[in-house]
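Some structures are shown below for you to check.
Look for chain A in each of the two complexes below; its partner is chain B in the first and chain C in the second.
Presenting the complex of A and B:
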């Protein structure tokens, strides 16, 4: 098991370096002179020169990359070109809002998706199964920005149950924190819930037909134990896989959701940075998100090993 | 007085008794009969073979006796009794308490019949804990004991291993250990040796026989292989197209078969040191929804005459515990097995 974790960790480090090269190359891909692009078309030559040396654009590319990477590894992603604020503090300030949103969205997706998929998978072809699969298809098909607007119109503007925009930190007021994030979490979590329900259904329906499930029944293991122990355990590998993908996907989806609901999180920070061509912020953000995705993937791999003993030795 | 009578009755009751068992596949127009009225009894310490081609309904009969067919959307009719308990009326928790405790089953593919996610010992211990009020420790010890009984070498170590590290033969022994861990009265072995190497097959058959002696179980061996039947069974029931077509003592059926289909099966057994080609039975088993009048074997039967196609023959008693479903059985003379199987 430890052996497997070390190997996956090694792979993660390699992927991190490859991504860092791509992220760094981002600035080289900007058409024309990045310094001009950053400074704006009307900037004078002194200003462009200042930006050029601030970005270290006079050094050879390898040196530029090395300096940038070693700084990044110590948590220094440079400063925002727009506000001058350090990128890392910009990220850490906004992290709690995004983390809260992610945790609620993932919880919603799991709490709604797994039981629905389980019930549907145990009775394939039943009314519940067919109803759930129609709902899941709708959940996957509905664009999140549209869903967000409908939710706001109905639950905020008509019923007034939830605020339409804004984020309250948990430490300030947990109830308002929860109220403010409910609609964003539904927006962000619905597609994930639908996907998890589909995967759970497929996994459970497939596992239920396996011979070892029959063995358990034939030896008198009662149904709730067969489902809870034998079926769910083996069906959870595709569920965990899709959960890992969903977390990565939700990080991307948070860009839209945070912007619509006026949450000052990582996602809306990214939108700002891109529209203002704030390259250090974009670079820092991509690297930051990469690390989170790599950690999630590592956790997924480790849980494979915990679920399936064959993976441990593989 | 009455206590003595009851005790006598209990002794006389067969361990497993199946009466007019039918398995039906519900269909919009008419239900399709996959098993068409099968009846047999097995006494404690006795071994019955259920033989037939693929599609004869022999495995389905076994599953039905365990109450395992309803989960696949099939319907069960008729009665199944384990000693004095009618299990075909039971469902849910009450059926679960009988299964594994009084009647167990082992399956054809040991490699996929154990749960890959759990240690071998814990799967057996789970069965023990489901049926007996024991501590985890006692259940684990009992699981090791069952593995030892099933001939697994070094059971303490094997119990802690995961199924994928065991060979096919060891997996089947672990399956047997699980099935006998609560000392059931009836054990159904569905093609339990088919997926194994020939040498391992013989060992597993020896093991089943030995366990049967030791535990006094009634054993039902489902197989397509007359060699297995000759090796281990006391009585045999030959199935064709969802029905028993001949039943009797193993030696009688092997050497004096009364049904042309039984003869066909015997001729189809490959034998060592014989250069002659194995003779198959022409044609195939009719599909269960085929509308046939008369004997269901008639289209493939070399002895069939017009009278065979008029009405479906009943199972006729032809001796003590011998039955055949063929109206011409007294007219035809079948050679039986041509050499020791």
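Presenting the complex of A and C:
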């Protein structure tokens, strides 16, 4: 097991370096002179020079990359070109809001998706199965931003149950924290729920057909034990896989959800940075998000090993 | 080199042979696939919806009842009526006409994104799957790295580079799609390259380029086409999302996502301005996904049942 974790960790480090090269190369892709692009067409020469030296654009590329990477590894992602604020503190300040939203969205996706997929997969072709399949298909097609607007119209403007915008930190008022994040979590979690329900259904339906499951049923093992011991255990590998992918997808989706609901998290920070072409923030944000995804992927790999002992030595 | 080695096995050997499965005599795999797809009523309806939307988009200048950018301050924020089926916006512009012209941008951007994603991902994928070794390891690692960046994050950081605009968004989405095409193409090439007839062609002295282009590419391409059709709906969705954030077409031009963005400012007084564009996006994405699923089923059924 430890061996497998170390190997996965090694792979993650390699991928991190590749991503760091890609992220660094972003600024090299800017058409024309990056300093001019960042400063704006009408900026005076002094401002352009200041940005050029702040971005280190005068050094050879290898030196630029090395300086940038070593700074990033010590937690220094540079400063915002717009506010002058340190990028890493900008990201860590906003992490609690994004993490709260992610936790609620993922929980919702799992709590809704796994039981629905399980019930559908145990009774393939039933009314419930067909209904769930239609709902999942729609859930995957509905644009999150539109769902958000419809939810706001109905639950905030008409019924007044939830606030339309804003985020309250958990430490300030847990109830308002929950109320404020309910609609955003539904917005962000719906597609994930649909995908998890689909994968669970496929996994459960597939495992149910296996001979050892049929044998267990034939031997009179009660259904709840067959489901718990055999079906769910074997179906959980694809579920965990899709869950890992969904976390990455939701991190991307937070860009839209946070902007609509006025949550000052990493997603809305990213949108702001992109609109202002604030490259140090964009680069730091991409690297930061990628590190989170790599950690999630590592956790997924470790959980494979816990679910299925065969994976540990593979 | 003899003729039987030159032509692809689908034509040269047992009629309609694919993946070693026998296929009914006289029925080509492509026709069998088409027959399976046409038998899938829901998928056909979905495809017709998409074709209708595409036709309306192309004919927008003819079918649109009004000039999409003509402002009429006596007709602002009018609810849907017989004169304005989808109502009017805050500047009195006809929403139906704007949606019809917006369809060109939205459908066009999704099409460009998928095409670009395929163009960037497929050839390296075929190469990696066919050659294996260092080429495969290098390209696969690079793909793994790109796929660790969530798609939307990757797309918006590319927009930071290129700036906002319809084409820029399409390019940003296309680049984010490329790794998926790479993986599908690589997998397909890998399985085709392991087939006996490919080994036979190589043993008979065909070069790598020739083997790849004449034998691997034609036989691995159905997987790529299925993937492209599955990605179209997602392309629409991502393009709409980025336009909703304000990164897409710049005013007065507006794709569906941009119309929704503008409409969202009138959630209290004119809900139809955000409900209608969202509904149309949902229907288009749904149609794309269902048609893509249908195509995938048709291809796999044709393979496994040999019909």
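The working rule: the second predicted complex is superposed on the first by the 311 of 314 C-alpha atoms of A that agree within 3 Å, B and C clash if a C-alpha of one lies under 4 Å from a C-alpha of the other, contacts with A are read in each partner's own complex, and residues count from 1 in each chain.
Just so it is clear, contacts are C-beta pairs under 8 Å (C-beta built on N, C-alpha and C of every residue); 3 or more make two chains touch, one makes a residue touch a chain.
None of the values given here were measured: they were computed from a predicted structure.
For the composite obtained by overlaying on chain A, chain B and chain C can both be accommodated side by side without a clash. Contact with chain C, but none with chain B, is seen for A:145 once the two complexes are overlaid on the shared chain. Once the two complexes are laid over each other on the shared chain, residue contacts for A:277 go to chain C alone; chain B is not touched. Once chain A of one complex is fitted onto chain A of the other, the partner contacts of A:308 are limited to chain B, with no touch recorded for chain C. Between chain B and chain C, more residues of chain A are touched by C. The angle formed at chain A by the C-alpha centres of chain B and chain C is 80 degrees to the nearest 10. Legend: residue contacts after superposition of the two complexes on their common chain; A:233 is shown touching chain B, with no touch to chain C. In the overlay built on the shared chain, the residue A:249 is in contact with chain C alone; chain B does not reach it. Look at A:217: by the touch rule set out above, it reaches chain B but stays clear of chain C. Looking at the shared chain after the overlay, A:225 reaches chain B, while chain C stays out of its contact range. Figure legend note: chain B and chain C, brought together by superposition on chain A, show a least Cα distance of 20 Å.
No residue of chain A touches both chain B in one complex and chain C in the other. Listing the residues of chain B that touch chain A in their complex gives 66, 68, 71, 92-93, 96-101, 104-105, 107, 109, 112-118, 126-127, 130-131, 162, 164, 175, 178-179, 182. Residues 14-15, 18-19, 22-23, 26-27, 29-31, 137-138, 140-146, 149-150, 152-153, 157, 248-249, 251-253, 255-256, 259-260, 270-271, 273-275, 277-279, 282-283, 285-286, 289-290, 293-294, 297 of chain A touch chain C in their complex. Residue ranges of chain C in contact with chain A, taken from their complex: 141-142, 144-146, 148-154, 156-163, 233, 237, 240-241, 244-247, 257, 260, 264, 267-268, 271, 274-275, 277-279, 281-282, 285-286, 289-290. Within the complex, the chain A residues that touch chain B are 210-212, 214-223, 225, 229-230, 233-234, 307-310.
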